[in-house]
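My questions all concern the structure below.
As written, the chain order gives the labels A, B, C and D, with residue 1 at the start of each chain.
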Amino acid sequence: MRSGGFRLGWDKGIILLLVLLIVFGGMSDNLFLSGDNINFIIGDVSEVMLIAFAMALLIIVKEIDLSVASNLTLSSAVIGITWHGTNSMWLAVIAGLLTGSTCGLINGLLVTRLGLSSLAVTIGTLALYRGLCYVLLGDTPVADYPTEWTDLGYQPIPGTFLPWVVVPMVVAGLAFWYVLHGTRLGRWLFAIGQGDEAAVFSGIPLKRVKLSLFVLTGFMCGLAGLAYTIRFASSSPDGALGFELLVIAAVLFGGVAIAGGVGTIWGVVAAVLIWGFSRSYLQLAGWDANALVIVSGLLLLVSVAVPRVLSKIRDAAAHRTSRPSSRGGVTPPPGGEAEPLSPAVAGHDQGSHRG
Amino acid sequence: MSTHLLVIEGAYKRFGGVQALNGAALTVDRGEIVGLLGENGAGKSTLVKTLAGLHALDEGTVDLDGQPFHQGNPRSARDQGIAIIYQEPSLFPDLTLAENVYVGQQPKSGGRVDWSTMVTRTAELFAGLGIDLDPRRQARGLSIADQQMVEIVKALSVEAKLIIMDEPSAALSAAEVERLLAVARQLRDQGRGVIYISHRLDEVFELCDSVTIMRDGATVASAHVADVDNAQIVRWMVGREITDMFPKVAAEIGEVVLDVKGLSSRGEFHDITFTVRRGEIVALAGLVGSGRSEVVRTIFGIDGFDTGTITLEGRSLARHTPAQAMAAGIALVPEDRRLQGLFMPSSIAHNTAITVLGRLRRGLLLRTSSERKVATDWAGRLQLKYASIDDPVERLSGGNQQKVVLSKWLATDPTLLIVDEPTRGIDVGTKAEVHRLLSEQAARGTAVLMVSSDLPEVLGMADRVLVMREGRLVEEIPRAEATQERVMTAAAGAAA
Amino acid sequence: MMTKLLRVRELPILVALLILLLLTGILNPAFRTGDGLTAILIESALIGFLAVGQTNLIIMRHIDLSVSSTAGLVSFLVGSYSMNHGGVTGGVALLIAIGVGATVGIVNGALVAYLGLPSLVVTIATLYIVRGIFNYLAAGITVTADQLPPYFSWIGSGEVLGVPDLFVFAAAAAAIMTLVLRYTRWGRDLYAIGSNPPAARRVGIPVAHREFGAFVLNGSIAGVAGLMLLSRFSFADATAGLGIELYVVAACVIGGVAIAGGVGTPAGALIGAVLLQTIAFALGALGVSQFWQQAVAGALLVAAIAFDRIVAMRSTHRAMRLVEVPV
Amino acid sequence: MTSITKKVMAVAAGAAVIVGLAVAPASATPKAGLKIAIIPKAINNGYFTAWNKGAQKACKEIKATCKYIGPTQATGPAQVAFINQAIQQGYNAIVLSAADQNALAPTLKKAKAKGICVVTSDADVADPKTRTAAVLPASSDRIGAAEVDWIAQEVGSKGKIAILSAAATAANQNAWIEAMKKQLAAKYPNMSLAGVYYGDDDATKSAQQFNQILTEHPDIAGIISPTTVGILAAAQEKKSKGAKVAITGLGLPSQMKDYVLDGTINKFGLWNPIDLGYVGTYGAAECASGNLKQATGAKLKAGGKTYTEGPNGVIYLGDPFTFTKGNIVTFAKIY
């Protein structure tokens, strides 16, 4: 269900941009496409990618979650605490994923049961979950994870140059692609994004779908927290600061419309990879870290402005067929005036038939 | 300076597929109330929007008070002295009533907004019209009738020359209608022009000095109220053979499908009891706001209810969700096509298939191709006019949009099909097709429950007519005895 | 006349603030000496001042996250100008502050008001871009007190009857903006736009111009806030103002400015800022451990947001829901 | 360690600095043409600008090409990208001030696997196996003890003191704080620690925490701030509020000059970041040339001075200098 005018083109355009970047980068700097560098880039973007999948679905149904970074760090903290408590990494991993999902559940309940704006709620839970990280860890990060786990963080999959984290990324990517573009739930998400009320009238369980999306986002934060913990072989309360705006920027840059109802998983994947590869390329080319921040800001702006300008031009062109422009203009007459009972005519009166 | 306050001649306006105005004309004098009549879709609200400055005519002239009317700008329309009272007025919920009246033109003293004058002036205007509302209270939570009073006072605050009332009485009680008509007469006596749009001919006869009748975008007649009678107006309004409008296919009435007993929901409706049988078309008639939509929403599971039972084919439904209603075999074609019926930016294929996705999955993947097949199949059956099945539905005309909503629900093969105002705001041609479809569906054994405010449609289609008034089921009339007077009496609670 | 300003909406948070202050006063003697109160006021001055501009935008259902970068950039530019030119006059400082701030505001305003882009997305982008430019210029450079003219630290540390100059400045700005919003047509238009955007257009309010104006004003305010940062710490480096944008929004929300628009005043937002700061201080004064403070503050913020919604839900009669009917 | 010997060492260390600057470079035993990456905690920090000056000086002397690369935010994860850059671009050695004690371990292991020498300078990592050597100012105990001694002199060895630190997870600060607690318990029975407050190396938060300390403990006698950002914010707050509390800790002379001259602060200390950068770079160069291993007692010649590795390859440059009215002006010019 990828209608929505020009947006259709954007998610193709962004894949082209990625290919160009890789080809151009590879030619001009042979280190850029070395196995090691790709291994690093994949690891570098792994947490953003994992959370971006779920965030994309949330934004498609016109919701948002600013608490993802704190959720990630809290899950990592719980993994640390449980590891110390039970000395079993498997229990710790489960505890971490449960923590993430619970944080997502809390966001979901506040939004769907209390009808709060998800922006306002998750600004609050962003501070709450970050605070809980300090409650759990205080000033002592956890760093004594077993080496067979932390080795996963930097040793590639035997025989390849890919980091182990690529496995959950690919599995999650395929799963989210399948859910969004190949299942009934996916059609429902686009429907909710394009018309809350119409969705309810089409039998779509709106509240339950949105609640499960918040829990799913929380779960993915837990998973990303695990990946983060392994990648840095430690859990500390000040991890992933300012991460949430990064994830949202990537999702929007991937073609998901903030107004909801439009978006693709491959667009988001391409956007995250572009962010990772361009950062690495500019860094290898000696650009200053601050320049990278400017570039990501500009890319986000372009991703939103270009489709808007083109749709305005398309509307202006379409205006000749007097189709009113969608922004602020008048939509065609609504489904007719609400019409009271008209005592106009008795069923059988043979009105004079004219024309 | 010409004697007329407003002269519109040769007005043409097209919206995408729909020719909304097709040579309309209208004349209003100062101190005159003109009744503007016509079936829905006749172009009345397009004319109103032109005068409101929300869009400009493709062709035609509009002269106000002797000067050409500057079109296409709401602010200048207001400055030129035109005020509109909408049937569902939309005020600023967070602002006080005084502010709502003076929004954008607050009285100033010493360079700053003068709150006290604003409040006192609003109070005066309220008193002038016999309204006892506190100008300082917030607009949020005001009844529709009181909201309209605020809109009227807003018109008075700008010394409006021409006041257009677009079906203002639709959602009002009898007492509130009386107050409205008295206010309209006051406006006329103050030398202002008033255009009164309504379907209630009794009000038109009681209030208006002259009437102008529109049909299919054109003005077909206008005359002094004294020179015409009810039947003549109707003939002008309808102007086509009634019978072919309602092709009633004989259907064999089977056993009870829907059985509603003592259904009540506080503040909406009370003690509703009725049945719908297989192959039968039952019409739910009554004035807007009499609770009919609320009843069908509850049956479909959108809203909850306090007491009573709903049984479908023997299985009772309580605190059920729309999804459960659909599983039980109920389908609801909702009242508002744009907000409740369709996903406007999405394609015909996606809109049609959204209710039957469960059945479409072949293997692991739900392919768009299977959605296209279902949509193309139904588009054919309903003779939908479209370029490609992937076109967004917002490009279709009103009639074709309604066909997509119908195919979306017929695709679920329902045992009970509920339709809420099925033919509102669509062209006459499609109307007949929709009626044919409904009766064919009934003939195939589906129970049909139709909520409609279009009396010809009610009388033409229904096997039984249930009339609701102020949330109660007041009368059940079999088809043979159903006449205009009887339905109207039951609906309006007053002699037609 | 002031009482009319703080209508019902701001009352609950004012009461909450007074209770909290009382509680901490009792439990911690330092408060009674007024030191604690002064400290709270100086801390909330910056967030409160930024909340004044942000309120106008939230009332119209918009948001501007780029304020922290703008303030940081201005604090550095003025600081380095003074470092390289042996001092900076008040006029030049203001010129730089308002010039840079208004420019960012114009970019944000044009993209949101005239191109119709969502304000959350645009201002995240400008947050990054301005922060990037700021850090690029400020890499490794720190401006210290001796490189700044004395009047900066004099303002930063000055007090009037125990109330820090900066807070007086923020309070004045909040009062003026509250009066502007209440007593000018420009101000009333903002509430109308936020309360029912289609109806505002229908009544002929120039919605796009108002939005653009509010963004430019907010940018300029963020610029001047940069000067406050500089005078507050007589120190400017690349971390100036980092991450305060969400606190500004939180202060507005707690101060009664509803995210849904149409409601709230800058005075309320300033009180919200003071309340946020008081919570932080009270927790410390009550002996709550450092590590618990942020968790408790976060929980209180969620509670305030939920409380605001519960009050709103109960006051509207469900049956009479006013329908926003687009024409 | 009596205070006298401490004074002697301080003078010796001070001499080393001046000597290091003036004397001609010793025989350049490390190979020429090495590629060394200089990675600070964050590039936008004055302290590390000075640190880098020392490193670049060493690079010129040993004719190595050195690049100063690093993140804008002082966190471990942010540094990883730049360590990776060094690995990708085939640098021979890395001189690193670790922003996080643990988070860099996996990446440093990768660097070691690629044969890249890693020497930490200014801030060390927890696992000594992940780097060859660490050039640190002085042992945390010595630094912690010195700061307690300074504040004790200010408050006459009695009363309540508080600590205004950097981030809660900053490894070297936490080590110094432990040492301060030990020193208080051992030497100053009638002095007590009111609490540890975290300014996160952010000027705004540090100022807020300073006010928080004054509010919670109006009778506070002294505040130790073992971080350049914290001590500067504290000095500024004390001056603007006219508070009476004594302040000391670790600060950059150039940033603190005014506050020493006007008496807001009487005494504070720091080592010379230039030294750390300088000796660290030599360590990295020697390792890359195969001359330096991690072994207790191993020797490192840098700028005419010889340093010996302690256990876990840690080299201490000596106690922090103390700055007072007398020597603040000269030092303020250096860093």
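Simple rule for what comes next: contacts are C-beta pairs under 8 Å (C-beta built on N, C-alpha and C of every residue); 3 or more make two chains touch, one makes a residue touch a chain.
Given the structure is predicted, the values throughout are model-derived calculations rather than measurements.
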| item | value |
| --- | --- |
| Of A-B and A-C, pair with higher C-beta contact tally | A-B |
| Centre distance in Å when chain A and chain C are each reduced to the mean of their C-alpha atoms | 28 |
| Length of the line joining the C-alpha centres of chain A and chain D, rounded to whole Å | 41 |
| Whole-Å gap between the CA centroids of chain B and chain D | 77 |
| Residue list for chain A, restricted to those that touch at least two other chains | 134, 138-139, 237, 241-242, 288-290, 293, 330-331, 334 |
| Set of chain D residues in contact with two or more other chains | 43, 72, 168, 198 |
| Residue list for chain B, restricted to those that touch at least two other chains | 49, 54, 88 |
| Listing of all chain pairs that touch each other, if any do | A-B, A-C, A-D, B-C, C-D |
| Of chain D, residues touching chain A in the complex | 43, 67, 69-73, 75-77, 80-82, 84-85, 87-90, 100-107, 109-110, 126, 167-169, 174, 198, 200 |
| Of all residues in chain D, those that touch chain C in their complex | 42-46, 48-49, 72, 168, 195-198, 201-204, 207-208, 211-212, 214-218, 232-233, 236, 239-241, 254-255, 257-259 |
| Chain C contact footprint on chain A (complex, rising order) | 64, 66, 110, 114-117, 119-121, 123-132, 134-135, 138-139, 237, 241-242, 245, 248-249, 252, 258-259, 288-298, 300-301, 304-305, 308-309, 312, 327-328, 330-331, 334 |
| Of chain C, residues touching chain A in the complex | 63, 65, 111, 115-118, 120-122, 124-129, 131-133, 135-136, 139, 201, 207, 243, 246, 249-250, 253, 259-260, 290-299, 301-302, 304-306, 309-310, 313, 326-327 |
| Complex interface listing, chain C residues touching chain D | 28-31, 33, 35-36, 39, 42-43, 46, 135, 138-142, 144-146, 153, 156-157, 229, 232-235, 237-242, 244, 280-281, 284-285, 290-291 |
